[in-house]
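In the part that follows, the structures are each spelled out as structure tokens.
After this come two complexes, each holding subunit A, first together with subunit B and then together with subunit C.
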Partner chain A sequence: MTAKTLVNSKLVCVALNDKAQLAALEGTFNEAPYKKPPTQPVLYYKPRNTWSTEGAVVEWAKDFDGNDVAEMAVGASLGVVIGKETCRVSAEEALDYVGGYTIVADYSLPEQSYYRPDIKGKCLDTSAPVGPEIVAADKVATPEALTVTISVNGEQKSVFELANMERSVAELISIISRIMTLQPGEIIAVGFAGDRVAVNKGDKVEASIEGVGTLNNTLGGA
Partner chain B sequence: MRHARIILDGRELDITIDANDRITTSAGEALDVALDSDQITWLPPVKAPGTIFALGINYADHATELAFEPPKEPLVFIKHANTLTGHKQVSYRPDNIDYQHYECELVAVIGKTGKNIKREDALDYVAGYTVCNDFAIRDYLENYYRPNLRVKSRDSLLPMGPWIVDTADIPNANALKLTTTVNGKVTQDGSTKDMIFDVPFVIEYLSKIMTLNPGDMICTGTPHGIVDCQPGDTIVCSIEDVCSLETRMVSEQEYYGDKY
Partner chain C sequence: MTAKTLVNSKLVCVALNDKAQLAALEGTFNEAPYKKPPTQPVLYYKPRNTWSTEGAVVEWAKDFDGNDVAEMAVGASLGVVIGKETCRVSAEEALDYVGGYTIVADYSLPEQSYYRPDIKGKCLDTSAPVGPEIVAADKVATPEALTVTISVNGEQKSVFELANMERSVAELISIISRIMTLQPGEIIAVGFAGDRVAVNKGDKVEASIEGVGTLNNTLGGA
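Coming up: the complex of A and B.
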């Protein structure tokens, strides 16, 4: 485990929160095994073995035979850092419970299915760098006005305007706080661009949000 | 030896319990209190809870009950400490649902850090066993990362305990009678021998993906015999030679009080 992780006890990620991705997958989601589009936020955890930091090397994953996997991908999200105990809050008051903002990168195997919890794809050691720091909540007036970009080896690969999220930060905090009581330092990664960015061994990845910072990591295995 | 965490006379204590039910604190103090005393408040038994791995449909008969093919590899989902509560504590049933059921499960508590652990070495990484009740709210199931967090990750949905039994005291974790009673009536009567993927298999499987750490827990799934539970019900999940875990169901309003 990484000693300097910014995460306290829980990192909740929201999948399928990109309106364009939901629209593109609507046909798929009306068929088996999904049968109908999601009615609630689609959530997954990055457990503690995944938590990592600014500047860290992200391990290249192995398959079950111990060989390097062929492909990995990265997504980046605004990380909402909970500032005080948050239990069953309304969307109107939700932002009062935010202590700050940071960046969460989610390295994984390519997302192929959303049907079962993606333990093999998402729970890889060191696959969730968080940072570079926590910016105080009052520095960000409207989280939905932010844009998340990903560059690989200096070339911009992904631009995601948070105005295109299906559910806002406040809505997500409210809904999640009705499932579980959130504690200070717990982080919600509120949304990723639907198109994850393919990465290779040795790639240098920058995830940036203006006003929040730039999170730099390097893929291992080179 | 058995290990637990309790509150007694306002003091939070780590205790061990010997074969004669005598209780000793981690500071060596002998406690003059009976295990079934109402003076004891039982806390979840893992002091620093890490990642909680839970298995779905890991008993063939339960898979049939839910109209599923038994899985070819473990169906694993993750829970966190917000779900934990102790023995003789409460769990809540949300308003306006039709079906919330218990799941009596054997839990392996990880005691040592490891990755790429082989099946034959797996039990070296297990500190001990306890019992959990991995409640599920079926109304909230959706086919996205199923079982989704709304079904399984709510506060209080994972009563656990009362204690952890050392691994060495359970020679065969796959030969234990498993029963659940609701208000004294037996509703679930199975055996851990019917588990599809046993603890060593799951440790090998998970540790090929990720590092396991002390305080991580593996909840191994439940057999046939689930029934709906209502506020006021008392549910007791028991696994032979491990422990019996009692939970009282309350309403959402009773659970959250002022925050309801």
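Coming up: the complex of A and C.
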């Protein structure tokens, strides 16, 4: 039996929300065609075919011809679960619209370029485990005080303190709610460490946030 | 009472599938950062908050501060409704996976740049009416023989013959099914005329495909 995804209707991810990553990309941002850093959050979707759960096997991706790809990578984010309809709220009131928090892992092909919407690399089947559960919003006083870690086969590979996000959870909810109305159960993955973690077939991956939980997944294809 | 959307779970749109548009952009494609035309279909999503229906009022978009935007535009596409689970199918067999056809209208902010994933401009609430109904696949022998027209307040503004698509319906299904597994009821909007049609508050818009139907919507905010 397949566990039910914790996502209702929509999983929106925020790219480029790691201050260190933005600083490292500054030179690239100033090249054509933009010639400046992004002025708004850069968003992408993980559609329904990507949604997966605590404990699930994440499929190893295949190329166009059906052969296994050479490389995959993982990032992890705090997942903000919307608690009630959210449309054009201010940053000051935004956290009142949060129903809870969870963890979103984002498995993908390695990112080749930050320019183009990378649907192919981001929308792999089963590539977005969410869980292990939704922790009530009142259990988390300040989301920016949390730290997201990723361990692979028991070895810690990534530590991302959410204090280093370019935009806070409240700012993101406010901005996104002016772009699209959010509904209860929709989830925003608010920020990933700029450096994704390389993974191999059969790896056991733990994405963890103290006070929110640990999300365990295994890479398939071994 | 609100009519129920015809979309199940996912609405994927194909950008840049008009041969004339591709030809017009050739110079831009050859500039930095890509220095060549896209080699794969460029896809974008219309998420659940965008889904709307025949006869619905499409909300006039607001800017960050809640003021009405100056301009909106509309495109229309044949909507291909997936009939059964579709994963890594060949172009030759792809049409066997189609359950039916409908019309997808795509209201948006005017496109500023083809480079960046334009979540803000494309994900407006109610901006993707789909309908008026789903016509069974066996009623359409050759989707590329169809023509999509858009009329505003009774005056024809756009004619797009699907024979002028860069990639056929079968090719698109085959390619997309290698990127993500498609489920019954998910819809692909396979191609829009490169020139979107400007619309104003209160306009009555008809998107029409002979043999598939006419999708009628009105712009709000008048």
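Note that in this section the second predicted complex is superposed on the first by the 217 of 222 C-alpha atoms of A that agree within 3 Å, B and C clash if a C-alpha of one lies under 4 Å from a C-alpha of the other, contacts with A are read in each partner's own complex, and residues count from 1 in each chain.
Throughout what follows, a residue touches a chain if its C-beta (ideal position, glycine included) is under 8 Å from a C-beta of that chain, and two chains touch if they have at least 3 such contacts.
Given the structure is predicted, the values throughout are model-derived calculations rather than measurements.
Enquirer: Classify the contacts of A:I119 with the two partner chains as first (subunit B alone), second (subunit C alone), both, or neither.
Expert: In the superposition, A:I119 touches subunit B and subunit C alike.
Enquirer: Return first, second, both or neither, reflecting whether A:L16 touches subunit B, subunit C, both chains, or no partner chain.
Expert: Touch status of A:L16: first partner only.
Enquirer: Which holds for A:G27: it touches subunit B only (first), subunit C only (second), both, or neither?
Expert: Touch partners of A:G27: none, neither subunit B nor subunit C.
Enquirer: By the touch definition at the top of the document, which applies to A:T39: first (subunit B), second (subunit C), both, or neither?
Expert: first
Enquirer: One more residue to check, A:G154. First (subunit B), second (subunit C), both or neither?
Expert: neither
Enquirer: Return the residues of subunit A at which the contacts from subunit B and from subunit C coincide.
Expert: On subunit A, the residues that contact subunit B in one structure and subunit C in the other are 9-10, 12, 33-34, 38, 40, 42-45, 47-50, 62, 64, 66, 87-88, 115-117, 119-120, 123-125, 179-181, 183.
Enquirer: Note which residues of subunit C are touching subunit A in the complex, please.
Expert: 9-10, 12, 31-34, 38, 40, 42-45, 47-50, 62, 64, 66, 87-88, 113, 115-117, 119-120, 123-125, 175, 178-183
Enquirer: Looking at the complex, which residues from subunit B come into contact with subunit A?
Expert: It is residues 50-51, 75-78, 80-83, 115-116, 140, 142-150, 153-155, 206, 208-213, 256, 259-260 of subunit B that touch subunit A.
Enquirer: Would you pull the subunit A residues touching subunit B in the complex into a rising list?
Expert: 1, 9-10, 12, 15-16, 33-36, 38-40, 42-45, 47-50, 62, 64, 66, 87-88, 114-120, 123-125, 179-181, 183
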